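Chain IDs A, B, C, D, E and F follow the sequence of writing; residue 1 opens each chain.
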Amino acid sequence: MVSLPLRNAGAKRIRMDASTLQTFTSPVVLFFVLGLLAAFARSDLAIPEALAKGMSLYLMAAIGLKGGVAVSKSGIDANVLAALGAGIAASFLLPFIAYGVLKGFAKLDRINAGAVAAHHGSVSVVTFVTAVEILEFQSKPAGGYMVAVMAAMETPAILSGLLLARGMGSKSGQSTGAMLHEVFFNASVVLLLGAFAIGMIGGEDGFSDVSPFFEAGFKGVLCLFLLDMGLIAARRLMDNRAITWRLGVLAIALPLVNGALGTCVGAVIGLDVGSAAALGVLCASASYIAVPAAMRLALPEADPGIYLTMSLSITFPFNILINIGLISALASALIGSGGPPS
Amino acid sequence: MVSLPLRNAGAKRIRMDASTLQTFTSPVVLFFVLGLLAAFARSDLAIPEALAKGMSLYLMAAIGLKGGVAVSKSGIDANVLAALGAGIAASFLLPFIAYGVLKGFAKLDRINAGAVAAHHGSVSVVTFVTAVEILEFQSKPAGGYMVAVMAAMETPAILSGLLLARGMGSKSGQSTGAMLHEVFFNASVVLLLGAFAIGMIGGEDGFSDVSPFFEAGFKGVLCLFLLDMGLIAARRLMDNRAITWRLGVLAIALPLVNGALGTCVGAVIGLDVGSAAALGVLCASASYIAVPAAMRLALPEADPGIYLTMSLSITFPFNILINIGLISALASALIGSGGPPS
Amino acid sequence: MVSLPLRNAGAKRIRMDASTLQTFTSPVVLFFVLGLLAAFARSDLAIPEALAKGMSLYLMAAIGLKGGVAVSKSGIDANVLAALGAGIAASFLLPFIAYGVLKGFAKLDRINAGAVAAHHGSVSVVTFVTAVEILEFQSKPAGGYMVAVMAAMETPAILSGLLLARGMGSKSGQSTGAMLHEVFFNASVVLLLGAFAIGMIGGEDGFSDVSPFFEAGFKGVLCLFLLDMGLIAARRLMDNRAITWRLGVLAIALPLVNGALGTCVGAVIGLDVGSAAALGVLCASASYIAVPAAMRLALPEADPGIYLTMSLSITFPFNILINIGLISALASALIGSGGPPS
Amino acid sequence: MIETVVRKRIEILTDKAIVRLVTDAIDAAGITGWTVTPVKSGKGRDGHWREERVMGTDKVFVLTIAPQEKAEKLAEALAPILTTHGLLLTMWDVEVIRGERF
Amino acid sequence: MIETVVRKRIEILTDKAIVRLVTDAIDAAGITGWTVTPVKSGKGRDGHWREERVMGTDKVFVLTIAPQEKAEKLAEALAPILTTHGLLLTMWDVEVIRGERF
Amino acid sequence: MIETVVRKRIEILTDKAIVRLVTDAIDAAGITGWTVTPVKSGKGRDGHWREERVMGTDKVFVLTIAPQEKAEKLAEALAPILTTHGLLLTMWDVEVIRGERF
């Protein structure tokens, strides 16, 4: 689709299997699997709501801070701006592809196709965070600025999704102003960007104070959070009544295609291997927090049984268990794991 | 009762007092005492439910991981299997002794005697965790496999308790299938064994990633959790209307006897001193989470005012404050604190 | 007002600006600012109640332990007793000044003036904790015993406030006994003093076990807690209907004056620079947890819209953002940042 | 004016551990749904209890809207276990819109 | 004996994400206030849901006390969106003291 | 058909800090029990409040089932402090099984 700078791709074997398998000995992923299994076995294991919410706030604050500190060292250069631009464009444009296949292949009506498309254009913070951990583990760290890219990608897809569902001229029940406010000041955008700014202002020095909390605890919290996500994803899947096999196929095909597209774009605009993979993961991931809340408000007629089950119970596990590994391998194949082209 | 291999017991002074007293300068135990005192003084100090639940999940995940990592290093040998067998047998058989004295000495009716017996045969995760900390502090670490023994001991006692309360042939309101499912897939069994498996799969390497969270925070979380347990235990005791002095005596006699029995069995089957003490503590401890939930379901006519108050407000504090120290001293006397017989 | 031992005050430049500005690169303060901004932008960011409660319990346990360990090393000397006496006296007397200006300048009725005065005489744990962090950052650590001073200052102001609001002889709806019990055994007093005692009993050794949890995590937790406080303070301010400009002025003037008074008293009684500043901060801070709860009970006719908004939404941010810096600078000017006079 | 019909609203206070028993009974009575809401603490003849989580003694409300005859069916199904299982059941008439749903 | 007056009590089960829609409708009906209470889980025709927080599908109850005519105004305002927005509305008569407040 | 009797159900919205005042009044009225349920947020004439925990301004519902005359006794006992203490009291008739318990 795009002409790619496949630097010495011939010389590299696609290390897909290794990357993918490594994933499965990481405690982070194993806890996710435990959650899935426990829910399928109908165990009553459950994480209290307040705690899960707290862990997600913690993860966002920590990843924001970390990104901000990284950018305070590296500075903002052309790469950063290119990544931001690519991310925003992807978030805005990917829903159009998704909408097409959702209507064409899966025969969804306009409203539901728009809603699902918005979810797949937007991003999942936890998928990103897990990918960052796995990429670091594979010695292909993503740039700190990718946190800002993620925050920037949350919103545009919502706008395209609404456009697709409602058309340009139509009226929604909710005023557009309220919707836009909700979208730009939603909790995760504010916390991610706020923590990012604090990290940039405080820099390495300011961060050292709080790093025992935000850094040392990070992976452990991610373990428990993914345990909970596994429980929720599997329970929703078992209660599912709305997902046809065509929708199930798309919930896997969309992240596959979007992830590959995003990684390729990352390679084209010259990102290093970790950052290109992170961009791929962002494109592949589907929102299951911010966008569902916005859709309840703006497209109440759309069925959460469709959009939530697809993004949370199929796309999310597929990304965590398989797709992150594939995207990482693809990025290495395209760019070389030795870092950005020198 | 059993002929014990009292290796050089004569040469050792029973260091009961030292062990028992040491306990009282440990912050973990002091926070428990603070909780008791605050509740007796009718302070409104309270830990939010979600947090307490979260802390108990954390403690179970951490202890499970730790055990799994330990076993991934040591491997599974005859000792491990012997301890597992002994634990399961104890959990199944101890309720029969308890049932006898509960009916004979304390004049409990059949249903309530069965319910109480089930609690005392099963185990308390927090008592075990506290014992593991204290034993480590006394340089007598318990084997990592004892976590698996604990998980295996949760359930058999419930079956014996029901047998005793209902007889073999009788029908319960709840189908037996549902009850068994509840018992084998209850949250703590799933989380303990799941984390144990993750620890075994990931091993030392996988664990190093998450150890800042699961290891460094462990004792501090245990402090706050025991603060909460102290508050709850004391408040329940003050509201108590159902415990006669005979029941009170048994709530102390049972852990004393069961603890001694368990430690002796541990010595007989050749466990090292820390593991034998841990087995003793498991036998001495009484469940106040998993078993009460199962009893509400299977024996709704039994009175929680009896079984919960005994296990939570008398046996539990007695174990934490005194019995762990006694059991540890007994294990040293029987086996020698220099580790397993070489 | 008091003749102050201004040791070489001429030779020192008042480093007010530096101290004050430094504050704004500390992540702790930046998270507070983020909370304020997010609330003003009407973002839906929010910390779950259970978590916020848990963080405040954690902070109190941690600061109590730390203080107790410090005192177990330094012992209790004349300084400690002088600080305790000064603190108790300040808590009892400051409400009388406040009551005067609240009635005279802001025209509050007797009941509300008494209630507000009680809040300003008592203390805010979080303000103190933040000050301790900032003072440590500025290499002027406060003595560990100041934690005990804080706990002692919670209560006397409540008594003066009630005296002022009701007069000596009057009857309240709630029996005085119940009120006093509530006041002396309220959660924060019990936890602070309990943890302090545990720290003293366990000492450095006992603490080393739990310090990864209580020490390493401290600043990070404080960040998230202040984020929440910022959200709550700003939201309350935006909903405010009861605060006139005169009350607003007093909510800033009272901490300014009380803070200066407290610091001067600290200098007079011979405290080191950090402890004198901490005493100043305690005098400047206004309660928004313990005292509001007591007032709901003892003075239900008083309007929380006045006393809570003043202490939480004006005095608290003013102290965190500006006044701690001013007080720290004043203490240095009065005593010299080189530590206590030798 | 909007049209409403009368239905029974039934509220059952129950231990968390046996919620399933209650909701199964609701399903068995042919009622379309139910909602569970949290409870913090309470006092009855057994004395005061707090939100004593971790312990299996905390409670919830299960509430359900049903037509008269199904409500009675449910009440009759639960009556025998009200005392043994410590349930508390109240019901009253309410108006609902879209009566065909309940 | 204390004097009481009769008012309508309306309870609306709604997704958290659209609480604002409901409370705006209450304000618009000229009702003096409302109270939001939490919900843990439920089952309806869409199947079982748990407290599925983090996800935008959890629910709350909004309840409000109002005089008959305002209650009807509110019910009429919400009727058209009951089905699209998945609301559940019940109402009944209650006695209140200080009737002038509602 | 199962036999039910009519009782009053009283619901009192109150600040957490003064719950004790309300439950003491219930006990004093000779009522057998009460149940406390959580509240998330609300709006009244004083403006909007959120779940403003840590602060002593959050609220709960206290609800109790009682026979008519005890319910009236309770309402009369609480009436004088409804306004000063910011309580909200509603009551209505409900059917209960095992009427001797209430």
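Methods note: a contact is a pair of C-beta atoms (placed from the backbone, for glycine too) under 8 Å apart; a residue touches a chain by one contact, two chains touch by 3 or more.
Keep in mind that what you see is a predicted model, and the values were worked out from it rather than measured.
A.B. asks: Work out which chains are contact partners of both subunit D and subunit E.
C.D. replies: F
A.B. asks: Trace the shortest chain of touching neighbours from subunit C to subunit F and give its length in steps.
C.D. replies: 1
A.B. asks: Between subunit A and subunit B, two touching copies, which fits better, same or different residues at the interface, with half of the numbers shared as the threshold?
C.D. replies: Both copies touch with mostly different residues.
A.B. asks: Let me spell it out: compute each chain's centre from its C-alpha atoms, then which one is farthest from subunit E's centre?
C.D. replies: The chain lying farthest from subunit E is B.
A.B. asks: Could you find the chain whose CA centre sits the greatest distance from that of subunit F?
C.D. replies: Farthest by centroid: A.
A.B. asks: From the mean C-alpha coordinate of subunit A to that of subunit D, what's the distance rounded to whole Å?
C.D. replies: Centres of subunit A and subunit D (C-alpha means) sit 41 Å apart.
A.B. asks: On a C-alpha centroid basis, what's the spacing between subunit A and subunit C, in Å?
C.D. replies: Distance between chain centres: 42 Å.
A.B. asks: Measure off the straight-line distance from the CA centroid of subunit A to the CA centroid of subunit F, and report it in whole Å.
C.D. replies: Computed from C-alpha means, the inter-chain centre distance equals 47 Å.
A.B. asks: Give me the residue numbers in subunit E that touch at least two other chains, ranges are fine.
C.D. replies: In subunit E, residues 37-38, 92 touch at least two other chains, as defined above.
A.B. asks: Indicate the residues of subunit C shared as contacts by at least two other chains.
C.D. replies: Within subunit C, the residues that touch at least two other chains are 46, 48-51, 53, 216-217.
A.B. asks: Output every touching chain pair, sorted by label.
C.D. replies: A-B, A-C, A-E, B-C, B-D, C-F, D-E, D-F, E-F
A.B. asks: For the complex, give me every residue of subunit A touching subunit B.
C.D. replies: Answer in residue numbers: 25-28, 30-31, 34, 37-38, 41-51, 137, 216-221, 223-224, 227.
A.B. asks: Which of the residues in subunit B come into contact with subunit D in the complex?
C.D. replies: For this pair, the touching residues of subunit B are 46, 49, 52-53, 56, 173-174, 232, 235-236, 239, 241, 288-289, 292-293, 295-297, 300-301, 304-305, 308, 312.
A.B. asks: Any idea which subunit B residues touch subunit A in the complex?
C.D. replies: Its residues touching subunit A are 48-51, 53-54, 57-58, 61, 65, 181-182, 185-187, 190-191, 194-195, 197-198, 201-202, 206-207, 209-210, 212-214, 216-217.
A.B. asks: For the complex, which residues does subunit F have touching subunit D?
C.D. replies: It is residues 1-2, 4, 7, 9, 23, 27, 32-38, 60, 65, 92-98, 101 of subunit F that touch subunit D.
A.B. asks: What does subunit E use to touch subunit D in their complex?
C.D. replies: Going through subunit E, the ones touching subunit D are 13, 37-45, 59, 61, 72, 75-76, 79, 82-83, 88-92.
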